[in-house]
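A, B and C label the chains in the order they appear, each numbered from 1.
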Amino acid sequence: MNRFKSMDKIVRGAGAALELRSLSLWPAEKAGQAVACDISFAVTPGRTMALIGESGAGKTSLALAIMGLWPGDKSGHIYFGGQELGGAAGPDWGSLRGRRLVLMMQDPTASLNPVLTIGYQLREILRFRRGPAKTVAKAEALACLERVGLAPAGEIARLYLHELSGGMAQRAALALALACEPQFLIADEPFSALDPETAADQIELLKGYRARLGFSLLLITHDLRLARDLADDVVVLRGGLVVEAGDIKEIFAGPKAEYTADLLAAAGLTEKARV
Amino acid sequence: MPAYALRRLLATAPILFGITLLLFILLQVLPGDPARMATGYRTPAPQALDNIEGRMDIRAPLYRQYFNYISALSRGDLGRSYRTQRPVISIIGETLPNSLVLAMLALLLEMSISIPAGAIAALKRGSLFDRGSIVAATLLGATPIFALGLIFQLVLGVRLRWLPVTGAGSPSSYVMPATVMALVAAAYLTRVVRSSFLDVLAKDYITAARANGLSERRILLVHALKNALAPIVTVAGVHFGFLIGSAVATEVVFNWPGIGRQLFAAVMERDRPVVVGATLVIAALFILVNLLVDILQAWVNPRVRAGL
Amino acid sequence: MLGGRGRLGRARSRKLRIGFIIVAALFLLAAGADIVSSYDPLRQDNEAVLQTPGATHFLGTDSLGRDNLARLVHGARVSLAVAIGSVALMILIGLPLGAAAGYFGGIVDSAIMRAADVFLAFPFALGAIVLMAVIGPGAANVLVALALFGWPQIARVARAQVMNEAAKDYVAAVKVAGGSAWYITRRHLLPNAVGPVAVFSLTGLSTALLTEATLSFLGIGIQLPYPAWGSMLAEAVGRLAIAPWLILGPGVAVVLACLGFNLLAEGLHESLQIDG
């Protein structure tokens, strides 16, 4: 059921890197309001989809659901590479998580373990996902750190979370996310806690990685400028419902929904006045 | 790490002095007549002076006495028992190890009950296991140790004749006293473990670890445990002190040849040097344990090393 | 503040309510001891030794023919009074000292904390036992002994709370505006300290009760013939083989009292946490 004409360009079905069909999510604690309602969209392989909306619109919940970590009830389907996740025949999350499908959570100072060194957390992921020997993992971990600009890698690997600055922690989180060169990366409000200069650096870093590794990216953000900078397609979310979706340039130039127009105006991105 | 340990060690020195002062005062104030105890007569006999007070020279001014007392202590001289005339330090040397063994056994038992039980209760929050363990813990925590001990004695020792009731003769005689102490202490520790794990399991870095595909087992044992450990270690350390403190009642009930029973007997018999000596040793031990707990805390939680 | 909506909210206030009911019931029983039982707890009756519970003696009699129910409710008075009295004294000493240490800092803080550390160096029960050896047995002495080894922990809690609160910006503002130390403490710092101190004190009540029971059991607490739960328990368990009903009264009483105090403490702790 295609409600959004501009989404025709987006590859669906077996060709999609990730597809949600009529996904609805309910909170775990008490029954009642759905957190997300009848969400459908697809991400084309190699392209970047921005998921935008205000706080509380349900964006992070969708991210968790895609990773298979949603604690409450859900209905609908999630397809990864054409196969249904969590379905009887399809792959289960265990084989995908961290390897082909990776989530980079919102706040790196909360998503890194405070009592383990950065190096340890990196080596752990490398060993579990790629199975290299201890010495190989150590060298690889250092290489990962250097690639995100954390140097001298040897010293930084021995540091704990509380010894890193915000920017360094974000880089470390990026290193952890991309350590195993995933096919699909979900980035939840990346760089939102950083100052503009540091954020700009890291955005370039991410772009470089994306060009080199060619992964599909689902960018969750409330920052429309970032979305415009990074994404090819966009889905606008409000109160758990899809408001509008399609090619980002088209939608930002001529939003069909009033809510989208309001968001653009608030971000100062309105390119032409609406009548 | 070593720097932290050293700092903590230095901080405890004044406390040790404070204790010796307190006990010195206690020595002056405790009722007890060395002469009468030693000889059975009201008049002082020569042997009666061969105790810590004799060496303190009662006629000297107080500060001099205190000095003598401290120097005697530093030489390991705690005086002689009024009753048996044996050096207090030997008496303690005989009885303290028994108490320590019992306390360690109880602590190990307590932790091997509490940590799994608490962790499982946290994982399966709201389940029957969770509720059941909370109820059991609440009831056990409200029972005085001596009562539990006496009940155990009666049921397991006398009625069922499974275990020896008193004394420290065989390995099986360790079972009841250690279990009783462990159960009462575990009541509180299990709740702490559970609450700590609940806190940790809700944290973002656990979700992130799951998102990274790590197994639940690894997450529990490596990622969650180390973070949950901090309050557990504190309480376990406090419990060691509690176990030593409750040694008196437990050892009396089970007639265990430990320092607690010795202390109590000395209190009853007004054997001053033994009372003071045993108390001093126990207090020093307690401080040492607290120090170790602090250091362990720093090892477990890297953030503490920077803080203090 | 209390209650709150939803499943969790009801569970929280339930602890508080149950704890409160238990404790209130025990208090009423203790206060109305004479109404509950017309027997004199001290009166011995050689004719009616170790009787099973029955019409004349609801909980039976002990080895000297004294009515158990009477001993139980009168013992409640003593045990509860000692527990509460000692905790009250702990707060009386510990709260002001802790608050002072937290507020003034520096030398005052060091001095008070060192003193506290010295008392904390002794395991609670042990310190009480040794002190009782010095000052002799009896209810009043037990009260003092417990308070003397309990105040440091209250002081620590109070100190931590005061330090936390005093560091906040609005306190600096009041100081600049000319508020005196006493005013600041009374109006702003103490009210915030009261909560955690209250929670801790309630837990302390059950510890005090258990320690008093242990002291009485060892014979250096509340002396016979005056009834106390500890010594009653000791006697009861000693005669468990021949008179198992003896343990009912004091056993249930002690467990129930501790349960009540602990539930109150937890309920209060959880209610306060929502206020955060």
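Observations on the structure shown:
We adopt the following convention: a contact is a pair of C-beta atoms (placed from the backbone, for glycine too) under 8 Å apart; a residue touches a chain by one contact, two chains touch by 3 or more.
No experiment lies behind these values; they were computed from the predicted model shown.
The chain with its Cα centroid farthest from the Cα centroid of subunit C is A.
Set against one another, B-C and A-B show the most C-beta pairs in contact at B-C.
Centroid to centroid, with C-alpha atoms defining each point, subunit A and subunit C lie 55 Å apart. One finds 22 Å separating the Cα centroids of subunit B and subunit C.
Distance from the subunit A centre to the subunit B centre is 52 Å, each centre being the mean of its Cα atoms. By the touch criterion stated above, subunit B contacts subunit C in their complex at residues 14-15, 18-19, 22, 26, 29-31, 138-139, 141-147, 150-151, 154, 158, 241-242, 244-249, 252, 263-264, 267, 275, 279, 282-283, 286-287. Taken in their complex, subunit B has these residues touching subunit A: 203-205, 207-214, 218, 222-223, 226-227, 300-303, 306.
On subunit A, the positions that touch subunit B within their shared complex are 64, 67, 69, 93-94, 96-99, 102-103, 105, 107, 110-116, 124-125, 128-129, 160, 162, 176. Interface residues of subunit C facing subunit B in the complex, by the touch rule stated above, are 114-115, 117-118, 121-127, 129-130, 132-134, 206, 210, 213-214, 217-218, 220, 230, 233-234, 237-238, 240-241, 251, 254-259, 262-263.
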